[in-house]
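Presented sequentially are two complexes of chain A, the first with chain B as partner and the second with chain C.
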Partner chain A sequence: MVKAYRPNTLTEALEILSTEKCTIMAGGTDLMVQRARGSAVLPGFDRPLMFVGHLKELQKIYQDEEGIHIGAAAILTDMMEHELIPGIFKEMIGQMASPPTRNMATIAGNICNASPAGDTLPYLYAVNAQIVLQSTDQKRIIATRDFIISPKKTCIKPDEILVKIIIPAKEYSNNYYRKLGQRKGMSLTKVSLLGMADVVDGNILDLHIALGSVAASIVHSPKIEKSMISKKAGEIKEMAEEIVKQYADLIRPIDDARSTAIYRKKASLRLIKDFMENISQE
Partner chain B sequence: MIIEFTLNNEKVKMDVEPTMRVLDLLRNDLGMSSVKEGCGEGECGACVILVDGRAMNSCMLPAGAIVNRSIVTLEGFKHTEQFKVIEAGLLKAGSVQCGFCTPGFVMAIESLLNQNPDPTDEEIKEGLSGNLCRCTGYNMIIKGVRLAIEKGAGLW
Partner chain C sequence: MKESISTSVLRVDSRKKIRGEAEYISDWKFENMLYAKTVRSTKAKAKITAIKLPDIPKDYYVVDRNDVPGVNRMRTVVSDHPIFAEEDVQYIGQPILLVVGPDREIIYKIVSQIEIKYQEEEALFTLEEAEKRSTVFTDYNYKKSDPKKAFEQAVRIIEDEYSTGYQEHVYLEPQGIAAEYKDDTLFVYGSMQCPFYVKNALLETMALPEEKIRVVQTVTGGAFGGKEEFPSLNGCHVAVATHKTRQPVVMIYDRDEDILCSTKRHPSITRFKAGLDEYDQIIALDIDVLLNAGAYNGLSPVVLQRAIFSATNVYNIEHLNVRGRNFMTNLVPSGAYRGFGAPQTIFGIEMMFQDIALILGIDPLEYKMRHLLKQNDPTCTGGSIHEEVKMKEIVQKAVEQSDYYNKLKTNKKYQGIGISLFLHGCGFTGKGETLIKGKIILQKNKDVVILKVSSVEMGQGAETVLPKIVAHTLDIPIEKVIYETVDTGLIPDSGPTVASRTTMIVGGLLRECALEMKARWDEAETFEVSKIYKHPDFLHWDDDTFHGDAYPVHSWGANVAEVEIDPITYELTIKKITAVFDVGVPIDERALIGQMQGGIVQGIGWATIEVMKTANGKLIQKNLTDYKIPTSMDVPGIDCDFVLNPYEFGPFGAKCAGELSFVGSPPAVAAAVENALGKPIKDIPITPEMLMEIDNDH
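Let's look at the complex of A and B:
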């Protein structure tokens, strides 16, 4: 029988973690499936389990001068229904899994699972979301792209809990999200592209592109983005071929159960071109 | 781990393996046979139950996470007015064939109508997108939900 903790407060949870390595579980929608061993058999956990999904301190969504704070154990449904969450982020979340799963799954779970197909990640990379990690004696704040090291691997330490995510309180004038999957509902991502831009009077003031499921981590290049910022929207169309070429070097997909490398590469480059054409019409 | 929760409005206190799937707890230990196992990985919706009024996949829910929460399965829900209306709608529209997916669908329909008493057809499809049916087809199920909404106006 695996030992399990159900702390009543975050402080209590951190105290336990300071002396014992645990597997932290919030919604369970990834962990329970990854560790499943079949019908009526207990899932296989090698460390004591700590339930944190019930901790109210980890569920809050609020705004202050730093931005919008999303509690680690906020469930996807609550984010979709919350007035503070930017519209395009809600749209992305609404395409994840199904309502029963969104009623359980948490934002921190999607981040800590560190899958290249994690559907909240393109947004968190694009807006440079900050991950807040807490232990008994210190608080670390780290950018999402630095937090996720490789597929399934993050830099969280055994005595830390991911307590919240901070995103900028900002909506863009142009928002584009395409998730390609086998079917509309309940599909895991083959390729996704998030594009966001601020276009004012035909001038591109800001622009972000992030792609999911097409490399070992989310593809997001501030350098390529910078080459498009402060250009006229009309000029973007002529730049498209060169920009697509630059992204082609960063996109390194694999063959897996859901799709093939060649499909992912072709489809993702076409999505980039489509987003740029959309912008150029502004 | 000793846990306390409510099952179909009755208090339950029991010693459980904290990692046990609530699906197994309900089916095998508590006799709730309406809760079915289909895929076992959150894709088919056959194991959907209500937790504090919201649909959840019990195959991915560990027993340690339901402490102090209210669980409703079809065994409890069938005594409500809402169930009678949903049942009548599904029967009239011919939404049930083999019936394996039906309990999960009924719980997902209740969860949907709790959140949105007057959904469009598109919203019904989205609300039930986590439930698979392999015999009837979805149009008859959507029609059944429509009939339930018409007949049950004011219940949700």
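Let's look at the complex of A and C:
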């Protein structure tokens, strides 16, 4: 048997965690697959389970002066339908999994799973989303890129719960997202590229590029981005070759069951180039 | 006026399936039932040097080869697969023993504690290696006319090679089987296509007399050939287990186990050498077909037969030399899969025709039409095309409905259109039908009629179509026709549910019986009509020389595929399929369109998305996370049309359909991709990875 807690409040949940190490389960769409042992036998959990998906405190999506707060247990479907969520992020979420899975899967689950193929991550890296962790006696706020250490590994402590994510309330004038999978629906990402740019009067005020599934973590370089900011949209086109070269050093994909390293690398670079060449002047 | 036989009726099985009332074998409960879990080889080729078992608790059992009362081989065409491994293992996933008991948790624990020691040996995996080392299971050859001389006279010779990959069936319901004794009769229940195959296998493995074995088909959630020969193996497993424990034993595979150890479509290489005359006509073909059969030959010889008898497809080539070889490798045995070898060679020849036409600067479709078979032409095996060939009409429809030539002209780079022509030989290959001698019984019982056949419903619609043939003939409502449980103790052997034979052969027998019953209807309250299949007299076949009519008749078709390739990522989108078929007469149009669409989609999957490769004998795509089949998002609009061409010996003129649907879309898609990129496609599946490499000048 597996011991499981279903706390009524976040406080109750944190209290349990302060005395006992648990495996936190939200939608379970990652956990139940990873721990499956065969049909009609229980999945293998070595610690008690704690369900958090039902906690109302963790489901809210709202805005204040800090930005848009997305509750950890917000499900993907709710995010897709919520007016506060930026359009490009909605589009990215809409390409994840399938409706039934999106009705279960939460954003915190996607983050804590810490997979380079996690499809919310390119956005969260690009906008420097802040992860809010809570324990009984402490609240920590960490940038996504610092929260995720390596595939499957985050810096969350056993007594902490990820309670929300804060993203800037900002839409970009140029948005580009491509998710490449083995098929058109219900497919894990083999390469993804998110490109966003703010262009005013032909000047690039802000620009982000983030790639999924092409290295051990999301590829996102504020340094390279910076070299493009305050350039003219026209100049960006000229820079494309050079910029692509810089990304080439960061993109270190692997061969696996879903694609090849060489394809991932080439496709990534071609997508970056395509994004840059198509940034519109307005 | 009476409705046409083609007018659709509600599927007999739809209600219970949609409402979740259909009971699959995993829903069955038996008193005192035990579960079984298979312990499998983790080595591709090895001697088993020791098996160390933990202490086995009370009520738990280990079942292995020593428990087999009869022959420890699975009976099929070549009975070479051990029921349980003996001294050695030949592939990863090969069954060694079963752990059986009442609680699955404890079974899992016992399984995890079993230690098997191996002495590994050098294994081989690819067709290329197998050819080099000549690990040939079966080597067939047939000739027509004088290929040697024709090649000497040819003014031009063009050679090419095409390859195809694995394909997993991904039936919705994984393999599941159960066995129990009732008194001293052994019952085996399960998800299967061929109850009598399972029975015949049990006869030898269980060493029981015929009357002590009954095999019962349970609701079967898809099969596609994957439940043709395989249930003979797991059927024997549970039978041996129930024999040892004297309790009912159930064994249901998880998807991952199913993918690991069940049969798959044979990977293939087909080599062509074409000899052309001064008018560019192909006068001679040398065809060399290589199939990767895996570790045991099993059913592969007959798959190979269909592969080589289909290798000239719809074309009349005067001089032929056709060779086919099944190779042994240390991989999971390949087996039956919709199309049964034909999709592999038809893919090859369709691409060959297109590629030669492009070399010659001739329109590929026109080039194909120049070589088309007509009625009374000789088949590749020297039989005859007895039926009228309506390919011109079929092609015209497909061309018009897809606006083929216009698109061929106006398509830009990365947009492509391609056409395939194809046929499928109906029913068993060669002597098959005359050996099986399918028997059926139709029983009148007051106002109901009981239909007794061994054909199974597996999602394809047999439970609707066969009663419909009877009801329509007798002029009674379909509800009055009862499909007897497919239980070998209650029904005659009308043959397996394979080879697209059910509607045409079994349905044809039912129609004959129904006609006789109709004439005699008032004779008595209850009586029985029975018939045994007889091949039409004008057909002849010699199994030693492969000469004659390999098939009594063929179904024909053309598919047009339209594709678009993303110039940045090389992702392939199939925009549309236009499909026209001659299946004689549709027995139920909606059921038929379902078959055609399903086959087309499965073909698209095989040709594009469904990548399955191995590394050192292990499947790389070993679960449904990594092995993908098309979703509704990947499926294009499919326009499906039929050309009527009644077959004298089929019920209401019906011919075969189920496999025909599969063969056309792969070469049509590949031809469209060639058209889009202007580069030859020699291998499927076609992936963005491959296209980016092919288009490397970009």
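Convention: the second predicted complex is superposed on the first by the 279 of 282 C-alpha atoms of A that agree within 3 Å, B and C clash if a C-alpha of one lies under 4 Å from a C-alpha of the other, contacts with A are read in each partner's own complex, and residues count from 1 in each chain.
The definition used in the following text is that a contact is a pair of C-beta atoms (placed from the backbone, for glycine too) under 8 Å apart; a residue touches a chain by one contact, two chains touch by 3 or more.
Worth saying up front: this structure is predicted, and the values here are computed from it rather than measured.
Once chain A of one complex is fitted onto chain A of the other, the partner contacts of A:A40 extend to both chain B and chain C.
In the superposition on chain A, contact is made by A:T29 with chain B only, not with chain C. In the superposed model, A:M186 makes contact with both chain B and chain C. Contacts of A:V2 after superposition on the shared chain: chain B is touched, whereas chain C is not.
Once chain A of one complex is fitted onto chain A of the other, the partner contacts of A:P99 are limited to chain B, with no touch recorded for chain C. Applying the stated contact rule after C-alpha superposition, one finds that A:G53 touches chain B and leaves chain C untouched. Counting contacts as defined above, chain A residues 33, 38-40, 42, 98, 184-186 meet chain B in one complex and chain C in the other.
Those residues of chain C lying in contact with chain A across their complex are 104-105, 108, 252, 254, 568-571, 573, 609, 611, 620-622, 625-626, 628-634, 688-689, 692. Contact residues on chain A toward chain C in their complex (touch as defined above): 33, 37-42, 98, 178, 180, 182-188, 191, 257-260, 262-263, 266-267, 270-271, 274.
Across the complex, chain A meets chain B through its residues 1-2, 4, 6, 25, 27-29, 32-33, 35-36, 38-40, 42-43, 45, 49, 51, 53-54, 77, 97-101, 103-104, 184-186. Chain B makes touch with chain A in their complex at residues 1, 17-21, 24, 28, 37, 40-43, 45, 48, 51, 54-57, 59-62, 64-65, 67-68, 108, 111-112, 125-127, 129-131.
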